Amino acid sequence: MTADKKVTFEEAMEQLEEIVEQLEEGDVPLEEAIDIYKKGMELSKLCHDKLKNVEAQIAEMITEDGKREPFAIAEEE
Amino acid sequence: MGTERYLTVIALTKYIKRKFDKDPHLQNVFVKGEISNFKQHSSGHMYFTLKDEKARILAVMFSRYNQNMKFQPENGMKVLIKGDLTVYEQSGQYQIYIKEMQPDGIGELYLAYEQLKEKLETEGLFSPKAKQDIPKYPECVGVITSPTGAAVRDIITTIRRRYPIAKIIVYPALVQGNQAAPSIVNCIKQANADGQADVLIAGRGGGSIEELWAFNEEIVARAIYKSELPIISAVGHETDFTIADFVADLRAPTPTGAAELAVPHIDELAERIWNRQSRLIRTMRESMSRQNIRLTRIRKSYAFRNPQKLYEQKLEQVDKYAEQLKRGAEKLFLIKQEEQKLLLKRLDRARPQELLQEAKQRYENSNKYLTRNMTAILHSKQKDFKHILSSLEAMSPLKIMDRGYSLVYSENGELAKSVKAVNVNDKVKIQFSDGSAECTVVDTEGKSI
Amino acid sequence: MTADKKVTFEEAMEQLEEIVEQLEEGDVPLEEAIDIYKKGMELSKLCHDKLKNVEAQIAEMITEDGKREPFAIAEEE
Amino acid sequence: MTADKKVTFEEAMEQLEEIVEQLEEGDVPLEEAIDIYKKGMELSKLCHDKLKNVEAQIAEMITEDGKREPFAIAEEE
Amino acid sequence: MTADKKVTFEEAMEQLEEIVEQLEEGDVPLEEAIDIYKKGMELSKLCHDKLKNVEAQIAEMITEDGKREPFAIAEEE
Amino acid sequence: MTADKKVTFEEAMEQLEEIVEQLEEGDVPLEEAIDIYKKGMELSKLCHDKLKNVEAQIAEMITEDGKREPFAIAEEE
Amino acid sequence: MTADKKVTFEEAMEQLEEIVEQLEEGDVPLEEAIDIYKKGMELSKLCHDKLKNVEAQIAEMITEDGKREPFAIAEEE
């Protein structure tokens, strides 16, 4: 799981999507399917966490940005 | 041989003419004789024959020489002639070309006069170069004349009237008679020795040629010539010309005229001085005025009156620049600010929120299908299983027994398909569709076919 | 029966199918048929268990997934 | 951030523009995008501060200039 | 600034004009622009002072000249 | 100024005229212009003084001359 | 002026004429002009004085033996 941290969101998503496709094709042996599914669920969690993280950062930036003071000269005009 | 030795007439004539022309005795010849055959051409030239009892000679007097003659020649008139001899080529005649002509009668005096005049003129006594300037403002005028004549009175009166500040010294001289000439000479010498006079007037009133004769004497002429004081001659009337007149520094027509020539008029002179002075003042004033106008013009010149122009425009320019500078800086600042704002706006717009949304969407999709697909697989497998299970159940051999059949298994557990497979007392098992029963064989009986 | 554990769900299903076919052919002596049938029943149980097992795993993972917090931003919009 | 202080306004603006373009092109991986965006925000703040600074200096100078006395002669006319 | 004292008015004006042009053209880096602007303000002040100086000198000369008596001759005419 | 005393009126006037022309042409550098103007004022004063001086001399002589008595002798007649 | 005493009336008149002409030609520098003018005025005065101051002269006669005696015009004639 620690190795996965270096995986980007996109890579993780691609893997996840592959897994979904694989599962969709349907002729996956059951045991294999459940293993794949599990892997998928892990990836899904990874992506979810990454998204949450990004979301938090953006939220923070918006807050900071709002505090910025405007220009005096620009207002004079 | 041939004709070369024969001269042409013209050559011979020219030769003869040259002989005449070269001979000094045939130039300026003085001749006296009687006029005959006198003719005056319309051009004014005079042609006549000069003759005496024994000879005759052709004479020509061109108008140039005769126009100032005081008498009109006529046939039979005795005349004194001065002229040059030469040959008139066309007629081969020698002729005298007359330069001067006097009626004969004065005789020796006149000849002497002419000869002396000629002599002195040749010596250069009459030359303009020998003439001295007459002082313009003499302090003292010497008068050489008879103290008793009208001439001295005229001279003194005139000088007194015109220029009373001039001193007059009379050098009394005899002006006629044998002693006249030496007396005049003496006076000239005396005046020169005195050195008091600035100018001398020498002369006398009018009279006959004999009366005026002293002024034609050589000693008088030479004394006048030698005099260091300038001399104005004033002999007789205007028409009288004496040798003294020729040699004098200035000839006056009359004694009164001589006085007028000797001194200026004092009023005119004063007037002249006043005039010069006023011209001086006027000129100086004009010059001053001109310079003043010039200076005033300069001082009133636009550039001088408006020195502000030297810097006003520049001032305006500085202000303009300062304004432009300010505006430039502000504009620049605004441009930069605008650029920054624009970028900021773009940055805001490019905020990866959308990216996040997309990512979320993508994620949600996959996430949803992950479980869905897995569930689908499970269901499919379940379905397959159920199907097979029911097929199996349908094919269950146990179902035959439902119709009342039972299976008998021998003691070794094998299905007993014949009665021969069992013996009496064998323990067998009967399988029913819904259970089994343990039994002991009691009897056997084979089937008779 | 222990050896069978290594049999995958699909192999088990295949064997089951073969058994059904055998039974359908009909000329199997009853005794044999009963054996075959018995075998079929065993296989059937195996498959059933496998399915149950997978179903349980899925259910567990879904439950876990359900605990994951939702996205804040996504809801705002 | 201290190193950035030596960056000129124009350099910062150029970097910012590059960042904006990168973001606008859109095919930036999510995590990278958020990092780039953060960098962009910093640059934007830097530019903003530089502008505020210049604005203050200009304002001060204009005020000083305003105290300059007008020409006496120029007004007389 | 002391070195500038030896600059002639025209030289200063030329420099000022160049600066104005530079600023108006607008492609001056911001930090440089403020320096240029400062320089421009100094030049403007220098020019202004030089003009004030000239003005004062001229005013003094005119006053002195005014005391001079007029020409007598000029008036006679 | 003492050196100028040896300048003749005409030289001074000529210089003055040159100066006026120079000033009227107008494109004289400021510092030079003020020097030229000063020089012009000095020259103007110099010329003025010289004229006044000459004027005074003339006036004095005319007065003296005016007292001159007429000719005695001329009147006697 | 004492030197001028030895100047004859004629010389004085001539100088006066020359001076007038010189001045009238007009291109005499002012300082020179006033000197010339002064000289001219002096000469004019000198000439004038010479005319005025001399008493009317009595005519003299110098006899042959060198004796001087007043000369009276023989009025009776």
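The letters A, B, C, D, E, F and G name the chains in turn, as written, and every chain counts its residues from 1.
Note that in this section contacts are C-beta pairs under 8 Å (C-beta built on N, C-alpha and C of every residue); 3 or more make two chains touch, one makes a residue touch a chain.
Quick caveat, the model's predicted, so the values are computed rather than measured.
Student: Shared interface numbers for chain F and chain G above half of all numbers used, same, or below, different?
Tutor: Interface between chain F and chain G is built from largely different residues.
Student: Based on Cα centres, what is the most central chain?
Tutor: E
Student: Roughly how far is chain A from chain E, centre to centre by C-alpha average, rounded to an integer in Å?
Tutor: 68
Student: Report the inter-chain centroid distance for chain D and chain E in whole angstrom, where each centroid is the mean of the CA atoms.
Tutor: One centre to the other, that is 34 Å.
Student: Counting in whole Å, what is the centre-to-centre distance of chain A and chain F, each centre being its mean C-alpha position?
Tutor: Between these chains, centre-to-centre, one finds 102 Å.
Student: How many angstrom lie between the centres of chain B and chain G, each centre taken as the mean Cα position?
Tutor: 46
Student: Of all residues in chain F, which are in touch with two or more distinct other chains?
Tutor: 9, 30, 33-34, 37, 44, 48, 51, 54-55, 58, 65, 71, 73
Student: I need the residues of chain B touching at least two other chains; which ones are they?
Tutor: Residue numbers touching two or more other chains: 164-165, 266, 270, 277, 284-285, 288, 291-292, 307-308, 310-311, 314-315, 322, 329-330, 333, 336-337, 351-353, 356, 359-360, 367, 371, 374, 378, 381.
Student: For this structure, enumerate the chain pairs that meet the touch criterion.
Tutor: The set of touching chain pairs is A-B, A-C, A-D, B-C, B-D, B-E, B-F, B-G, D-E, E-F, F-G.
Student: So in the complex, which bits of chain B are touching chain C?
Tutor: 353, 356-357, 360, 367, 371, 374-375, 378, 381-382, 384-385, 388-389, 391-392, 395-398, 400, 407, 414-415
Student: In their shared complex, at which residues does chain C touch chain B?
Tutor: 9, 13, 16-17, 19-20, 23-24, 28-31, 33-34, 37, 40-41, 44, 47-48, 51, 54-55, 58, 61-62, 65, 71, 73-74, 77
Student: Given the complex with chain A, which residues does chain D contribute to the contact?
Tutor: Residues 29-31, 34, 37-38, 41, 45, 48, 51-52, 55, 59.
Student: Which residues, counting only chain B, touch chain E once they are in their complex?
Tutor: Those residues of chain B that touch chain E are 285, 288-289, 292-293, 296, 307-308, 310-311, 314-315, 317-318, 321-322, 324-325, 327-329, 331-333, 335-336.
Student: Quick check: in the complex, which residue numbers of chain D touch chain E?
Tutor: Contacts found on chain D: 8-10, 50-51, 54, 57-58, 61, 64-65, 68, 71-73.
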